[in-house]
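Okay, got some structures for you below.
In the two assemblies presented below, chain A is common to both, partnered first by chain B and then by chain C.
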Partner chain A sequence: MNVIECNQLSKAYGKFDALNLLSFRIEENKITGLIGRNGAGKTTLLKIIAGYLKKSSGELRVFSEDPFNNLKLSANTIFVDDDMNFPPALTIRQLLQAAGTFYQNWDMDLALRLFDYFEFNPNQKHDNLSKGKRSTFNMIVGLAARCPITIFDEPTTGMDAAVRKDFYRALLKDYLAHPRTIILSSHLLNEMVEILEDILLIKNGEKYFQMSIADVKEFAIGISGQKQIVNEWITGKEILYKKSYTLGNTYVVVRNDLSEAELESAKRKGLEISPVAADDLCIYLTGDTKGGIDDVFDRG
Partner chain B sequence: MSLTEVNHWGIVKKQYKFKLKAYAGVFTSMMVVQVIALLLSLGGTGGSSGSSSSGFSLTTNSYSGSMVIAFTMVWAFITAILITTKAYRDDDFTFVTNRLTSNLSNMLFLTIASIIAGTTSLLTGYLLKVIVYLFFDVDLLISSSQTFSTLLIGLVATIMYILLFAALGYLVGVLAQLSKMLIIILVALFIGYPIYASTGTGIRDEPTLFITIGQFYQGESTLLLLVIKIILTVIVLFFTSLIITNRLEVKQ
Partner chain C sequence: MILHGDGAKPIYIQIKEWLETEILSGKIKADQKIYSQYQLAEMYNINPATAAKGLNILAEETILYKKRGLGMFVSNEAREIILMKRKNTTLKNLVRDLVGEAKRLEVSEPALIEMIKIANSEEENK
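Right after this comes the complex of A and B.
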C-alpha cells in the first residue's frame, strides 16, 4: 500500500520554484532516504508532507488525505528536525510528558531509557541544550512518538560520530519492533545507507530517481586509467562524472548498462573497474558541473 | 501501524491544558503588572483635593482598583498579541494540531486567563483599601457601599472588559502575523489618528470615532446588555482571527 502518493507536486516561494512537478510514491512501512544537495527542496517537500506548508499545485495524498491543516494526519505524523519548537517554560522531562499526552502510541518507557542512556538532566530547558544534545532530544521525541509516519529532516545535525551511530541503530531497532513509514533526509548518505531500503534523490526540486538501495549500488561503475585510453573507451557511453588527475590519469563514472564484452575490452586495455559507493554516486548525479570544485580553481 | 483517530474537542482540551503549563510566564507577568499598579495606586487614584481655611486643613484622597484594572487590560492586550507570535504558534505544531484547534485552544486560554486576571485585579482593588486602612494614617475612611451583588456585577464587568482587550489583541496579533505592513497601518490608526484628531480645531478637536466606540461599551449601565455587547464583539473578533489564520503556513 502506498502511504504517500505525490503527483506533479509543485511549490513556489514567490518566483522561485522550490519543487517542480515532483511525482513519487512511498510504500507503507519502508525506510526511505530523501537525498539531495543543499537547496534541492528536501525540507520543503517534508514540510508539505507534514502539513506545515501548502502546496502550490499538483496532488499529494498521505493516507489518501490532503495533509495541509489535517488534524488526523497531524496526530499520525511527526516531523523532527534540529529546529523543533518547544515552549521554554517547561523542562525537557515535562516536554516528554506533554508529548505523551498528545501522541497515542507514545512509549514513555523507551523515551526515559534513551533519556538515561544519553545522560540528559531532566530539569534542563530545551533552549539551554547544546546543538548536538538538542538534536538527540528531538530524536528521542521522534522515536518515542511511534507515529505511522515519522519524518526526520537532517536529524543528526550537531551530533558527534558516536551519537550518530547510536541514533541510526536505535532507529533501526525500534523500526524492526514497530514497523512504520520513515523518511530520513540527509546529505550524509554514507552513514545511513545501511538502514535505508529506498532512495529518493531530488535535484533542483525535481525527482532524479527513486530506487532500492541495492539498485543504487549497481547503478554505475567507475573506470580509471590512462586519459587517452579512457576517452577512447567511453565514447558513446553515458558519462555521469569525470575527473582528471595529474600524470595523465582519468577517473570516469559511467552508467552500468554495459555488456560483458565491453567490460572485457576495458580490462584488456588495462583500465581499472571499480564499484561506485551509493553516496558518491548521489554526489556525482546531483553535481551541476562535470568537473566539480577543482574547476573553480583551475583557471589558467 | 494503524492510524490513530482523533476528535477536535479532545485535542483542543489537551492543548489548553498544555498551554496552561507552557504559558505560565503569562501569569507571572500579570502579577508583576498588578503589583506595580497597586503600588502606583497607593498615592491615591484620582480626585485628591486639599483645602484649608483659618485654623484647619482638609485633604481628601480616593483609592480605587481602577488603575489595576486598566493595567490588567493592557496586559491582556499584549499577552494576546504575544501568543499569536511565531514562537508560540510553532510550539503547537510540534505536537498534534491543526489551525482550528490551535486557535480554539488559544481562545479558551485567553478566556480563562481573562477570568483569572479579572478576579485578581478586582480583588487587588480591595487589597488596596485594606492597605490604606491598615497602614495609612487616616482620620476618616469612607467606603462606597458594598454588597455581594455589587461585587458580583463588578467582577463580571471587569472580566468582560479584560476579555474584550484580549480578543482585540489577538486579532491585532493575527493581522501582524499576516503582514508586517499591517503593523504600521495599525499603529497609524490607533496612535496616529487620535493625535491627529486632537490637534486640530473645530470639528477636528477630538477623536470622535474612538469616543463613540468607547461610549458604546463604557456607557452601558445594564450588566446584561454589557455582557451581550462584549460577548458578541469577542465572538466577531475571534471568528475573524480564525478565518485569517486558517490558511496560514507555519515553520517557514
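Right after this comes the complex of A and C.
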C-alpha cells in the first residue's frame, strides 16, 4: 500500500521553483532516504508532506488525504528538524509529558529511557540546550511519538559521531519492533545508508531517481587505469563522472549495464573495476557542472 | 562477522556468504531454522529488506526452504550445494587471480606450483 502518493507536485516561492513536477510514491512501512544537495528541495518537500506548507500545484495524498491543514494527519505525522518549536515555559521533562498527550502511540517509557541514556537534565529548557543536545532531544520526541509517518529532516545536525550512531541504531531497533513509514533526509548518505530500504534522489526540485538501496549500489561501476586504455574502453558508454589523476591515470564512472564479457575485457586490458559507493554516486549524479572542485582552481 | 560498508561487496551478499559459512561450519544444521530477516537486521544494523534479499537468494539456490508461517530452514543438500558453488566459482576465481599475480611477478608455473605445495603442507601441519 502506498501511504504517500505524489503526482506532478510543484512548489514555487515567488519566481523560484523549489519543487518542479515531482511524482513518486512511498510504500507503507519502508524507510526511505531523501537525498539531494543543499537547495535541492528536500526540506520543502518534507514540510509539504507534513502539512506545514501548501503546495503550489499538483497532487499530494498522505493516507489518501491532503495533508495541508489536516488535524487528523498531523496527529499521525511527526516532522523532526532543527527548528522544532516547543512551548518555552515548559522544562524538557514536561515537554515529553505534553507530547504524550498529543500523540496516540506515544511511548513514555522509551522516551524516558532515552532521556536518561543521553543524560538530560529534566529541568532544563529546550531553548538552552546545545545544538547537539537539542537534535538529540528532538530525535527522542520523533522516536517515542511512533507516528505512522515519521519524518526526520537532517536529524543528526550537531550530534557527535557516537550519538549519531546511537540514533540510527535506536531508529532501526524501534522500527523493527514497531514498523512504520519513515523518511530520513540527509546529505550524509553514508552514515544511514545501511538502514534504508529505498532512496529518493532529487535534484533542483525534480526527481532524479527512486530505487532500492541494493539497486543504487549496483547502478554504476568505477573503471580506472591508463588514460588511453580507459578512453578507448568507455567509448559509446554513458559516463557519469570522470577524474584524471597524475601519471596519466583516469577514473571513470559509467552506468553498470555491462555484460560479463565487457567486464572481462576490461580486466584483461589491466583496468581496475570497483563498485561505486551510494553516497559518491549521488554526488556524481547531482553535480551541476561537469568536473569538480579541482576545476575551480585549475586556471590553466 | 564485521560488515564492510561501501566499496566492498554488497551487504546482502555479505549476509548470504556469512550464512553459508555458518552452515558449512555446522553451526546451523539441516532442517534447523535460520535467522529471520528481522534478527539479521538487528544483528548487523541493516534494513530488514537487505537481509531478506540475502535470505531469498539462498532460498532460490535451494540452500534454504520456506515453511509457511514458520520461516526459513536449512535444506538437506545445503552443505553440498555450498561446497560445489564455492569450489566452482570462489576457488576458481581465487586461482585465476593467483595466476594473474604470478604472471605479473614473473613467477614461473613450476615455481608457483611449488609455492602452493609448500603452503598446502604448512596448512596440513597446523
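Keep this in mind: the second predicted complex is superposed on the first by the 300 of 300 C-alpha atoms of A that agree within 3 Å, B and C clash if a C-alpha of one lies under 4 Å from a C-alpha of the other, contacts with A are read in each partner's own complex, and residues count from 1 in each chain.
In this text, a residue touches a chain if its C-beta (ideal position, glycine included) is under 8 Å from a C-beta of that chain, and two chains touch if they have at least 3 such contacts.
The structure displayed is predicted, hence computed values, not measured ones.
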Which of chain B and chain C A:Leu53 touches, first, second, both or neither: first
Touched partner set for A:Lys125, first chain B, second chain C, both or neither: neither
Partner chain in contact with A:Ala214 - chain B first, chain C second, else both or neither: second
Broader residue contact with chain A after superposition on the shared chain, chain B or chain C: B
First, second, both or neither for A:Ala99, with chain B first and chain C second: first
Partner chain(s) touched by A:Ser274 [first = chain B, second = chain C, both, neither]: second
Touched partner set for A:Val193, first chain B, second chain C, both or neither: second
Residues of chain A touching chain C in the complex: 30-31, 168-169, 172-173, 176, 190, 193-197, 212-214, 217-218, 274-275, 277-280
Residues on chain B engaged by chain A in the complex (per definition of touch): 1-6, 8, 11, 14, 17-18, 21-25, 87-88, 90-91, 93-101, 246-247, 249-252
Contact footprint of chain B on chain A as seen in their complex: 29, 47, 51-54, 63, 69-72, 74-76, 83-87, 89-90, 94, 98-99, 101-105, 146-148, 178-180
Residues of chain C that touch chain A when the two form their complex: 3, 5-12, 38, 41-42, 45-50, 53
